[in-house]
Amino acid sequence: MSAPAGTTRRFRIFRFKRGDDGHRYDEFDVPVHERTTVLEALRWVQLRKDPTLALRHSCFHASCGTCGVRVNGREGLGCVTALADVSGDTVTVEPIANLPVLNDLVADMAPFVDRFPAPHPNVRESEFLPQADTPDDVEGYGRFEDCIECGLCLSACPVAATDDTYVGPAALAYAQRMLEEARGTDREAILDWADSEAGAWRCHASFECTEACPSNVRPAQRIMALRKELGSRKKVSS
Amino acid sequence: MVRSGASSSHVLIVGGGGTGGALAHDLALRGVKVTLVERGEFTSGTTGRHHGLLHSGARYAVNDQESAIECIEENRILRTIAPGSFEENDGLFVAITDEDMAYLPAFLEGCAATGIPAQQLTPEEALRLEPNLNPALQAAVRVPDATMDAMRMPLRFFATAKANGAELFNYVDVAGLVVQQGTVTGAAVRDLVTGREARVDADIVVNATGPWSEQVARMAGVDVPIRPSPGVMLAVRGRLCNMVINRLHRSGDGDIIVPQRALSVVGTSSWSVEDPDDLDVPADHVRRMVEEGSLLIPAVREAAFRAAWSAARPLIGSKDEAADTGRELSRTFKTIDHAVDDGVEGFVTITGGKGTTLRGMAETCADVICGKLGIEEACRTRETILLPHNAAFATGAVA
Amino acid sequence: MSVRRGADPGLDEIRKGREEAGPVPRKGVGPVAWFDIRRRGLGHFAFSLNRITGLGLVFYLYLHLAVLSTLLRGEDAWDSFLGVATSKFFLLLDVLLIFGLLAHGLNGLRLALVGSGRAVDQQKALYRSIQVIGTILLLGAALRLMGSE
C-alpha cells in the first residue's frame, strides 16, 4: 500500500515516562510520501508535535541497531521500514519487547548487553569479493560482524517473553561466530558458557529471531549449529 | 579507576556526540568531575550518521593541509587506543578522467607534505585489489583509510569515561543556560525519562553540540560561526568493496564509497541550512550519489536500495562568507573560550572537526578547560586503551 | 573560579528522579507471546501449535487416567462410560486427540532433526511435509473413526 504525496497516516505511539502509572497511546496524523520511513515519521512527530517524545536512533542506515521498534506488532528497524510496506489504517509503534522500557519508544539495552559472554573480536574475515588480492602487508580484508546488537531477535523470541534468564539469540549467535572463526578466543570457555539451561538448550526453534534479524545473522541457525557442537563434545568426553 | 583526586570543579558538557564523549573521557582521566547531558541517544546527532570513514587525511592533502595533518595523526592514535574497532583495509583514491589524472601530482605532493603514506598503483594492480572498480580507471593511490562503526567506536569513549567516574545522561535536554552577571553558572535541564526539570550547576559549561552549537551558544547570549551543512548519504545492499574507495579529485559530490558490513555507503553532497533538526533528503542528491558512485564502482547503479539520509556537518565559517555550498569551509576544529572572545565567563564551545578527530578535539578543549580551572594535569588519552563499547550500556550508563 | 563542594542538587534531582520512578515495566512479556501468531513465520506457528497440543495432551492424559479409574468402580461404571465413549460427539473428540498426537509427535521428530543441528536449513520444508503427511493420516483416521458405528 503506497502513499501518494500529500497523504497522511494515522500513528498510534506508545508513551510512557518513568513514574507514570502505566502506558498510553498517543495518536498523530503524520504527512507521508512514498519513501517515508517509520523513523522519519516519528521524528516529524518529535519535531512538530511533541518534543517530549523520546526516540532512539543514530546511523539511519541499519548499521547501528539503535532504532529497533515494533510496528503493528512486528519487529523492525525504524530507519529502513518503509511505511509503504506497512499495511493497515493505523500504524502502531511500540518499543521492542522483552526488555525494560526506559521511556516512550526507548528500551533499556543494559539487560540485552549483559547477556553476552565476555567481549570478543568484532572484526571478522570478509567473505565478500573472495577473488580479490590484498596488499602485501595486509593478510586478509576484515569486516565487522553482521550483528548490530539491535535486540530485535530477543524481542521476537517467545522463550525470552517468559524467561529473563535465557541468554537469547544474539548472544548465542555471537558465541557461535567465535567458534566458526576463533581469532584467539577460548573455544572451551565459549562452549561451557553455551552449555547451560539458560544457554543453547533453552531455544525452542520458533525461528522468529532469524525472521526478525535485519542484518542476516541467522541466529536460529547458529544456535542449532552450536547445539550440534555441544552434542558432539559430549560424545567425545563421555 | 583513574583519579587524581585533587579537583572538585565541575564541568557540564552539553552534547553527547563523539566530541562530548571524548571530552568526558579526557577530563575524567584528569580527575575532573564531569557530567554530560545529551537530549537523545548518544551519537544520535551527526556522529552516528557519517559513513564511518577513518580518515587518512588524503582528501585534504592539497587544499586543507591543517586538517590533513590532524587526520593522519588521529588516524594512527585511534588505531592504537581503540583496537578492534576498525576494518583496517586501507583506501584507494581512484582517477577516472583526464582531469583526475591532472590532479594526481598535486595529490601525491600533498600526501608527502602532510606525512600521509601514499602508494601509486597501476589500474591492473588496483583491479586486483578491488575487482568491482570501474575498469576504465587510469590510476589509483593507496592510502591508510579505514572503516569504523560510526556509533560504536565513539561509544568506547563514553564507556571509558563512565568507568572513570564521569556521569553521562542521555535523554536529558538543555532548556536554557543559567547566566549570572556575565558568567554561565549552569544549565536548566529537563529529563525526558521522567519529565522532571532541574538546574545543574557547573564551573564550566561546554557546548559540544556540533551543528546545534549556534542554538546553544545563543542561550548564553553569544554567537558562534557554525554553519550547519548537511549532506546526503545512500546505502545500497552488497559489500561492493572492502577498501574505502575515493575519487581522486578536489572534493565533490558522491566521491566516496565506504563498506559497512554487508552494505556500501555512497556519500556525500553539501548544502547549507538554518535548522539542523529539519533536514530533507533531496531526491536529486540521492540520484547524484548513484551517478557519481557508479563512476567509481559500476555495480552501485544496479544495487538494491537500503537507506538514504542526511547528516549536518558543523562547519566553521562566518555567515558573511560567500561559500554557499559549505564545501569551501575548512574542516579543522576550534575551541572557543567565550570569556576571551565574548566576555562571557564559564562557557566554552568546541566545534568543527570530523569524526576522525574526536580525540584531538577533546584534548585541545580539555587543555583550555583545565587552564581555566587551574588544573595541572596532562592529557592521557593518546595512550589510554579504551574499554569495549558494550560497557557504555552494560551496567546502565542510562541511569 | 568558584569551587563546588558537596552534592549537586540539580544532578541529584535527575538521578533521584530516575531511581524513585520505580520499577521499569517490561513490554510484551508473558505467555501471550507463545500464542500470538499474527505476522509471525512458519517456525513460530509450529512452536505455538506444539505448545497448545502439548497442553492439550497433558490435559488428555489426566482425563484418560480419570476415565480409567472408573474401572475400579466395577463393570457397571465402565459400561456406562463406554456408552458415552462411542457417541458421535466423543468420536469427534477422538479425532481432535489424533490431531494433537500427530501435530505434536511429527513436529517432535522435526525438532529432533532441527534442534540437533542436522536439518536446520530444511526446517520450513520439513514442516510443510509434516502438514501434508499429518493431514493425510488424520483424514484416514477420521474416516475410520466416524465411518464405523
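Each chain carries a letter (A, B and C) given by its place in the written order, and its residues are counted from 1.
Keep this in mind: a contact is a pair of C-beta atoms (placed from the backbone, for glycine too) under 8 Å apart; a residue touches a chain by one contact, two chains touch by 3 or more.
Since this is a predicted model, take the numbers as computed values, not measurements.
In terms of C-beta pairs in contact, A-C outnumbers the other of A-C and B-C. The central chain of the assembly on a C-alpha centroid basis is A. Separating the CA-averaged centres of chain A and chain C is a span of 26 Å. Averaged Cα coordinates give chain B a centre that lies 51 Å from the centre of chain C.
Counting partner chains per residue, chain B has residues 193-194 touching two or more of them. Of all residues in chain C, those touching 2 or more other chains are 17-18, 21, listed in ascending order. Touching of two or more other chains is recorded for residues 17-19, 102, 108 of chain A.
The part of chain A that touches chain B in the complex is made up of residues 17-19, 35, 37, 47, 51-52, 54-64, 66, 79-80, 102-104, 106, 108-110, 112-114, 116, 119, 121-123, 126, 128-129, 131-135, 138, 141-146, 148, 215-216.
Remark: chain C residues 17-18, 20-22, 24-34, 36, 38-44, 46-48, 50, 111, 114-118, 120-121, 123 touch chain A in the complex.
Against chain B, in their complex, chain C makes its touches with residues 1-5, 8-11, 13-15, 17-19, 21.
Contact residues of chain B toward chain C in the complex are 8-10, 33, 35, 167, 169, 172, 186, 189, 191, 193-194, 196, 198-203, 372-374, 399. Listing the residues of chain A that touch chain C in their complex gives 14, 16-19, 22-23, 70, 72-74, 94-102, 107-108, 155-156, 158, 161-162, 164, 203-208, 210-211, 220-221, 224-229, 231.
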